[in-house]
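What follows is a set of structures to go through.
Common to both upcoming complexes is chain A, partnered first by chain B, then by chain C.
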Partner chain A sequence: MKKNNAMTGRLKIHLMFGLILVVSTSVTGADDPNTFNRLMDPPSKRNPSPMTDGIHDPNNNGTQLLQPPKEAFQQLPKGKSGNYIDWMKALQDKKINPRNDRVDTKSQPIIMDLNIVREVKGSMPDVVYPHKQHTEWLDCANCHPAIFIPQKGANQISMASILLGEKCGVCHGKVAFPVSECRRCHSKPKPTKTANKKNKSDKQAK
Partner chain B sequence: MHAFVNKGDRVLPVAVMTVAMLVLTDIALAQQQTSNTRITDYNRMQQQQPTESYVRNKFQLFDHLIKKYERGVDTTDVGWEAESPELLKNATLSRQLADKLLKKGDLAGAQEQIDEALSNITRVLRSRRSSKSEQEQAQKNYEEAHRRIDGFYDALTNISKEKNTKIHDYINLEQFERYRAEADRLAAGSDLKNAQNQLQKAALMVERALAHIRAKETLVHSLEFASVEEEYRYEAERNRSHEMLVKLMMAQNQPSKDAIKIYNNMLDENNKMRAEADELMQRKDVAGAKQLMEEGTDKLIRALRMGGMFIP
Partner chain C sequence: MNKQKNRLIDHIKYSVMIAALLVITFAPTGQVKAEFGDVVINNYSDKAGMPPVVFPHWFHRIRFRCKVCHGDLGFEFKAGGNDINMVKIIDGQYCGACHNGEIAWSIENCNICHSAPVGTPTQVHESTLQKLIKPDQNKTEDKK
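Take a look at the complex of A and B:
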């Protein structure tokens, strides 16, 4: 009886995964212009187990002992994109506690609480780059000077370069949330026309 | 169950909930089973005789490592360990013995010998890592760290000037300079490891100072163009970005054939406009070229909006 239940359960699971596979296959692009962006995989291909991820050797006994990401992610807050984990929330809620130094467990990161706003052309909101969220678990040396020169006006950033895996694209789309999450970076709305008019009339009144 | 059948409007939700509960319970059971299976598989593999293909994979790995060694061999390298030739000889002998045992069908013996061979060749290759190439890498890392610290120090100087404050309020300059000078002295004597340590101390000082001087600030990089030519170059890159985004959106959303046709038309029109803009640019009509490029970008923005991408 127990065996029958288990078999029925497995059948249901197989049917469910089969259905997911059919749906995801139909939405997978054949000629992806953005192949580096591996976090934008369809659900069936997200967070594969070490045995099937194409990174680890499936013939190695040790590979089987590694914890599959899906199992590891169960306790972490859910996100809306990428690997569907809200890593910043996980950090803030102390669900994860990355070491600042590999050896020194007491070492604390130097947190830079500086926002950089980059104005952009058109109606798209301006970009806000928060140093704080980045320096909470990255070292200055991770980005400077190889990716970003620490000098005003020295860095030309465009969506094209990001999509090609340069600048922000060195991480975003690979190990950080993907570039399809426009509003997470383009987060500072342009001043509205009425607000502009109001500002002008306020100035005139003064 | 009959009671639910009489209340027709409740049947579906209750049925769905029941099935969902069943499925969830089964998934939990299956997950537990998968986890148990994984560990059992590993134990089984440890206890069982190795398969021939498993051992042959190790032979392939060994041959690959030997080729890697032969490609990069240079025993005059700094750091080449004296014991390496002996290890290499032993590795080759173990490989030959493993081969003989495999031919005799002694898989366990073959595995033992090939493991020994792999262990030795790995040690040989590791010793090569601490050689010339590692020195070069250490030099490169040192120079990059120096560039970062110099850049941060320049930034700190400029910011303190802008704020009309004294740099001494943020950093112990004498100590910072001492670390930097000591690092340079050690690097000149090729002691890059200790030089890097000194530089790291200087780095921490300047990074802390910058975090302090810029705390809770917002810097705005405003979009101002020095000339129309500059704006044209910006617009050309913006156009290229939007074109890539349209292609990305098409691959990601898998739109209908009709929609694909529309998107492709828009991409074609944009390409024509961009080509015309480039021609205008060559004829020195910069303003006309910029305007045409902007119109092309607007077309791409319409395509992105059609695909549901957020552009206000």
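Take a look at the complex of A and C:
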């Protein structure tokens, strides 16, 4: 009996110390109100494994079979956002070789090399839409005519609609690079009176 | 003296162990942080008593161009916008066009797809809409 009492006593002490340890570490760690970039995740939290990503059930035996993204990504060129992979570069550099057909490994996409320039109202550079990069991945019918009417001036596009998942936002911001990479689309500087330096497009405009 | 020292070390060891256990068992599940483009499909899963499906876009785009699924196989560009069920899959439609034991592993491996916690809503993970900073809403959603 005595031995039992002593045991429970010790256990209590251990539990107390354990609790104190937990509380002290949590206070100094995650809950620090002045953490740097409190609304952002640190790079170490990117591309988590399915076991810890919070969307797969770690108790599901199928989850354990899934490949961690980092394993697949280690040989691919890095990107700034999304999967943190530059998928277009990965394709061009032949780091990946995605099939163009479900079964036919020799099938090749039909590439169309046509840039569409969209003049934008605000101060942002004009948008250059390259068909070339898009036809590497997609068929014409994926976008035309349901998402974009293939006619000049027929499509109203706004950043608000893109953010809400329409137009370019059907892919960009969901699987393709998100709108935070402004300059990848807004890439054609326009001549502006406010610009201090004369840039190339200024000279071209003249 | 030595005996006491050893005991103290033992006490510390146990306390640390218990602390670790406490952290593991009571740790908040944390922010949900799946890969950009992961799609959760829960059109019928919950009602059928199955865990919802997680579709990893990144894994598939390494192997196929977008048009194979979104053109040839008829997948709409919308999470939950495709009326997929197991009958269609075993008849070779949607996922079943490849997940047939020939091109990719077959449907008897239920849990490799049906791997989300029960009740996870249909969504595109890490999409711009989800990433708009609304801490309070996100936190309450995560806790569900």
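In this text, the second predicted complex is superposed on the first by the 134 of 206 C-alpha atoms of A that agree within 3 Å, B and C clash if a C-alpha of one lies under 4 Å from a C-alpha of the other, contacts with A are read in each partner's own complex, and residues count from 1 in each chain.
Rule of thumb we're sticking to: contacts are C-beta pairs under 8 Å (C-beta built on N, C-alpha and C of every residue); 3 or more make two chains touch, one makes a residue touch a chain.
Note that the coordinates shown come from a computational prediction; the quantities given were computed from them, not determined experimentally.
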item: Partner chain(s) touched by A:141 [first = chain B, second = chain C, both, neither]; value: both
item: First (chain B), second (chain C), both or neither touched by A:165; value: second
item: Partner chain(s) touched by A:61 [first = chain B, second = chain C, both, neither]; value: both
item: First (chain B), second (chain C), both or neither touched by A:101; value: second
item: Doubly contacted residues of chain A, that is, touched by chain B and again by chain C; value: 10, 13, 61, 65, 141, 163, 179
item: Residues of chain A defined as touching chain C within the complex; value: 10, 13-15, 17-19, 21-22, 25, 39, 41, 45, 47-48, 50, 53-57, 60-63, 65-67, 69, 72-73, 81-83, 85, 87, 96, 98-103, 109, 136-139, 141-142, 147, 163-165, 169-175, 178-179
item: Chain A-touching residues of chain C, taken from the complex the two chains share; value: 11-12, 14-19, 21-23, 29-38, 40, 51, 54, 56-59, 61-68, 70-73, 77, 97-98, 103, 109-118, 120, 124-129, 131-133, 135, 142
item: Touch list for chain A against partner chain B, complex; value: 6, 8-10, 12-13, 16, 26-29, 31-34, 37, 40, 59, 61, 64-65, 71, 110-125, 135, 140-141, 144-146, 149-153, 158-160, 163, 179-180, 182-183, 189
item: Chain A contact footprint on chain B (complex, rising order); value: 22-23, 25-27, 29-31, 33, 35, 38-39, 41-42, 45-46, 54, 57, 144-145, 147-148, 151-152, 154-155, 203-204, 207-208, 210-211, 214-223, 234-235, 237-238, 240-242, 244-245, 247-248, 250-254, 297, 301, 309-312
